[in-house]
Amino acid sequence: MPTEIEFALEDVRRVYAGRTVLDIPALEIRRGELLALVGPSGSGKSTLLRLLNGLEKPDTGRIGFRQQPDLGALPLATRRQITTVFQHPRLLDRSVEENVALGLRIRGVGRATARPRVRELLDELGLAAHARAPAPRLSAGERQRVALARSLAFDPAVLLLDEPTANLDPHNVSLLEERIRRERARRPLTVVLVTHNVFQARRLADRCALLLGGKLVEVGETQRFFETPLDARVTAFVRGEMVW
Amino acid sequence: MIRHQRPTYPCWLLAGGVLLGAAACALAGDHDGRPVLRLATTTSTYDSGLLGAILPAFEKESGARVDVIAVGTGQALALGAAGDADVLLVHARDKEDAFLAAGHGTDRREVMYNDFIIVGPGDDPAGIRGMSSASSALAQIAKREAIFASRGDDSGTHSKELALWKAAGHAPPSNAGWYRSLGQGMGATLRYAGEARAYTLTDRGTWLSQREPLGGLEILVGGASMAENHDPSLINRYGVIPVNPLKNKAIRGKLAAHFARWITSPPTQAAIGAFGRDRFGQPLFLPALAPRAHD
Amino acid sequence: MDTPGTLGAALLDAVILLASGDAALLAVLGRTLEVSLAALGIATAVGLPTGAVLGLARGLPARGTVRALIYTGMGLPPVVVGLFVYLLLSRAGPLGDLGWLFSVKAMVLAQTILSVPLVVGLTMAALEGVDPELGPQLAALGATPVQVARTTLREARSGVLAAIAAAFGAAISEVGAVMLVGGNIEGQTRVLTTAILLETRRGQFSLACALGLLLLALTFTLNFVLLRAGERRTLPRAD
C-alpha cells in the first residue's frame, strides 16, 4: 500500500520579532505514523506543533493537509480532525467527566450520547473514581491523563503531543504511553510527538526528527536514526552528549 | 453554531426570561389608554398632599390622567419653556410674567394663596418676635448677625427671600458667616434651621406639615395662621399657566385649558380651601375666589 | 409626621408597612424591578459580548484608550447622565419627538447608559484574569472563536456574575438620573429611590425608612440568587 501523506510542509518559516524560530524547506508526515520531534528547548518543536494544529500561521510557505493545499483554510470539520495534548493542559473548572466530554460537546454531541465514551476513557486511564470531581483538584499526572482522554474522546485523525509526559512520574508516563500505543494499534492515527526525552522517542516512534535552532537536522526511521545517524549532531544528541 | 455546553440551564433561562420580560414591559410603554396631562408644579403643592386630594376629581371629569412632575419653580418654568409640560402651577410672579411675555404660556390665572413666615429659635436672639414687617425683621437679623438659613436653590421661596432682603435695604449677604445658603429643599432647610438654631423663611404649608421634628423653632413673624399675617409682602400667590400649544404638537393645549378652568372653578376652589383643615386645624392654601383675609 | 430621632420606631413602622402589602408600595416596587431589570437586561445583552471581545482580544489596537474610556464610564456621575438624557429627550432636544421624557423608557435609557460600562469593564477584567493559554487549547480541541468566548465566559463566571450584580446594584440604587428623566410621577415613574427622596422631603421618615429597607432586601435577594448560581457550578468531590 502506497504511503499517504498527512502533512506536507514547503518552505515553512515562522518569525517572532525579527528572529526566525522555524525554517523547514520540506517535510512530509505520513498518515498513520508516529513521528517524534526531538531537540533541545527553543529548537522550534512546539512552534511546529502549533503550526500543524493551525493555532499559528507560517509567515512564509505553506502546510498542506491531505488533499487540501492550505491548512489555514480547512473546513471546520476537517480542522477538527487535528488536536493537541499540551505539556500543561488547561482544564476547565468543571467536573472531570465534563472536561473529557468537552471535545464531543464542542462537536455538538449531546451529554447523554457522550457519556458512555467518556466513561470508557475514564476507566481505561484509571480516572473512573474521579469522574465527578472538580478537575482543578487533580494531581499533575491525573490532569495529563484527563487531557489525553479529552483529545481521544472524539477520535481525531491526528494527535499532536507536546511533551505530554514531561515532569511526570514513571507510573503516569507508562499509563499514557500504553494508552497511545493501544489507540494506534486499534486504528490508523497519525501522531507527532514532541519530546526532549530520546528514550521515549525510541520507545514509541516510527520515525524521528532532530530540530536544532529551528532547522531540521535529520529525519529517519527510528532504528536507523538512533543506530546509524547521518549527522554528527544527531549522534551527539542521542548519546546525550550534545551541549547547548 | 453547534452548542457545546449543557443543553438547558433552567436558572439561566429563567433569569434571561425575567430580564427580557422586564425590558419588553418597559419598552412597551406605560399607556393606559387615557390622554395624559403633564403638570409641572412646585414641590410645595405636591409634597403637602394638596394635589393628591384634588386631582382625582379632574381625572374623573376629563377622563385624562394627570402626571405630576414636582420640581423647583425654576425647573417647572424651564419644563414649560422647553415644551416638556402641558400646564404649570407655580408661585414666582416675576418669573411667571417673564414666561408669559416670552410667549411660552397662553395666560395666567390666580389659583390660590398661602403665605410665608419667618421662623427661628424660641429664645429669639435677634429679637424679631411679633414684628409686622418681614423686611424689618431681616434687617434686624442682619444687624445682630444671627444665623439665617437660606434655601439658596432658586426656588420660589428663595426668590421671595431675595426680594425681602432687597426691601430691607441689604444686598443678599453672600459670604457672611451667619448667612448660610444651603441649596436644599424646604423640609431640609427647616431641619437644618432646627439643628443649627437658625432663622429661616418658610411657606406655612411646609411648616405645618413638618412642625413636629423641628425642635425649638417657632413662628416669629407672620402669625399663627394666614389670617394673622399682617405683612402683604409675605403672601405667596400660585398661578396656573397652560403652556403655549404652538411649541410642539405633543402639548395638550385643550386639556391644559380645561385644567386651568377647572382648578379656578368654584367646586375646586372650595376643595382647595378645605384641604388641611382636618389635619392642621387651618387651611394650607386659601383659594383665589375666597375673600382675602389680609386686606 | 415623625422625628428623625426615633429610628427604632421608624424601623418598627417599616416592618408593619411592609407586612400590610400597601398597593401604592407594590406599584413602586414593581416599577423599580421593571426599570432595573430592563436596564440590566439590555446592559447585559450589550455589555457581555463587548466585554468578552475586549477581554479576549489581547492584541487589540488602542486597547489602553478603550480601557481608560470604559473605566471612566464606570465612574460616570449618574446625575450628569440624567442631565444628558434629559436634554436629549426634552421636546426641545434632538430626540424630543420620541416623547420619552418622564417615561419608564427614559429611566431605562439612563440606567442602561450607567450600567453598560460596569458590565463591559468588569466582564473584561474577569476574562483578562483567565489563563491566556486556555483559548488556544480550546481551539486545539476544535472550538470556534464563539465557542472559545462562551467557554471562557463560563470559566470566568464568578467575575461575570460580579459584573452583573454590580450593574444591578448601580441601577436599582440610583436616584439622581431617574429623578431627572422620570419625574417621580406617582403610579408611573416612581421607583423606590425617588419615593425615598420624596418621603424624606415630606418628613415621612418611617415610610422612607421602610422603602429603604425594601431596597436593601431586593438588592440582597438578587445578589444572593446570582452568587448561588455561580457557586452551583463548582461540584463537590465524588465519593
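So that you can tell them apart, the chains are marked A, B and C in the order they are listed, and the count of residues begins at 1 in each.
The rule is simple: a contact is a pair of C-beta atoms (placed from the backbone, for glycine too) under 8 Å apart; a residue touches a chain by one contact, two chains touch by 3 or more.
Predicted model, so just to flag it, every value in this text is computed and none were measured.
S.K.: Looking at C-alpha means, what's the farthest chain from chain A?
M.R.: Chain centre farthest from chain A's centre: B.
S.K.: Would you say B-C or A-C is joined by more C-beta pairs in contact?
M.R.: B-C
S.K.: Which chain's mean C-alpha position is nearest the mean C-alpha position of the whole protein set?
M.R.: Central by C-alpha mean position: chain C.
S.K.: Per the centroid of Cα atoms for each chain, what is the distance between chain A and chain B, given in Å?
M.R.: 78
S.K.: Return the distance between the CA-based centres of chain A and chain C, expressed in whole Å.
M.R.: The mean C-alpha positions of chain A and chain C differ by 47 Å.
S.K.: Rounded to the nearest whole Å, what is the centre-to-centre distance of chain B and chain C, using the mean of the C-alpha atoms as each centre?
M.R.: That pair's centroid distance is 32 Å.
S.K.: Quick one: which residues in chain A touch 2 or more of the other chains?
M.R.: 102, 106-107
S.K.: Can you list the residues of chain C that touch 2 or more other chains?
M.R.: In chain C, 143-144, 147, 151, 154 touch at least two other chains.
S.K.: For chain B, give me the residues that contact two or more of the other chains.
M.R.: Chain B, residues with two or more chain partners: 2, 4-5.
S.K.: Would you tell me which residues of chain A are touching chain C in their complex?
M.R.: Within the complex, chain A contacts chain C at residues 50, 53-55, 76, 79-80, 83-84, 86, 88-90, 92-95, 102-103, 106-107, 129-134, 137, 150-151, 154, 160.
S.K.: In their shared complex, at which residues does chain B touch chain C?
M.R.: Contacts found on chain B: 1-2, 4-5, 11-12, 15-16, 18-23, 25-27, 29-30, 38, 43, 47, 52, 67-71, 81-84, 185-188, 191, 209-213, 215, 247-248, 250-251.
S.K.: Which bits of chain C are touching chain A when the two form their complex?
M.R.: It comes out as residues 131, 133-134, 136-144, 147, 151, 154-155, 233-238.
S.K.: Provide the residue numbers of chain C that touch chain B in the complex, in ascending order.
M.R.: Touching chain B: residues 1-5, 33-38, 40-42, 44, 90-93, 96, 99, 101-105, 107-108, 143-144, 146-147, 150-151, 154, 183-186, 188-189, 198, 200-203, 225, 229, 232 of chain C.
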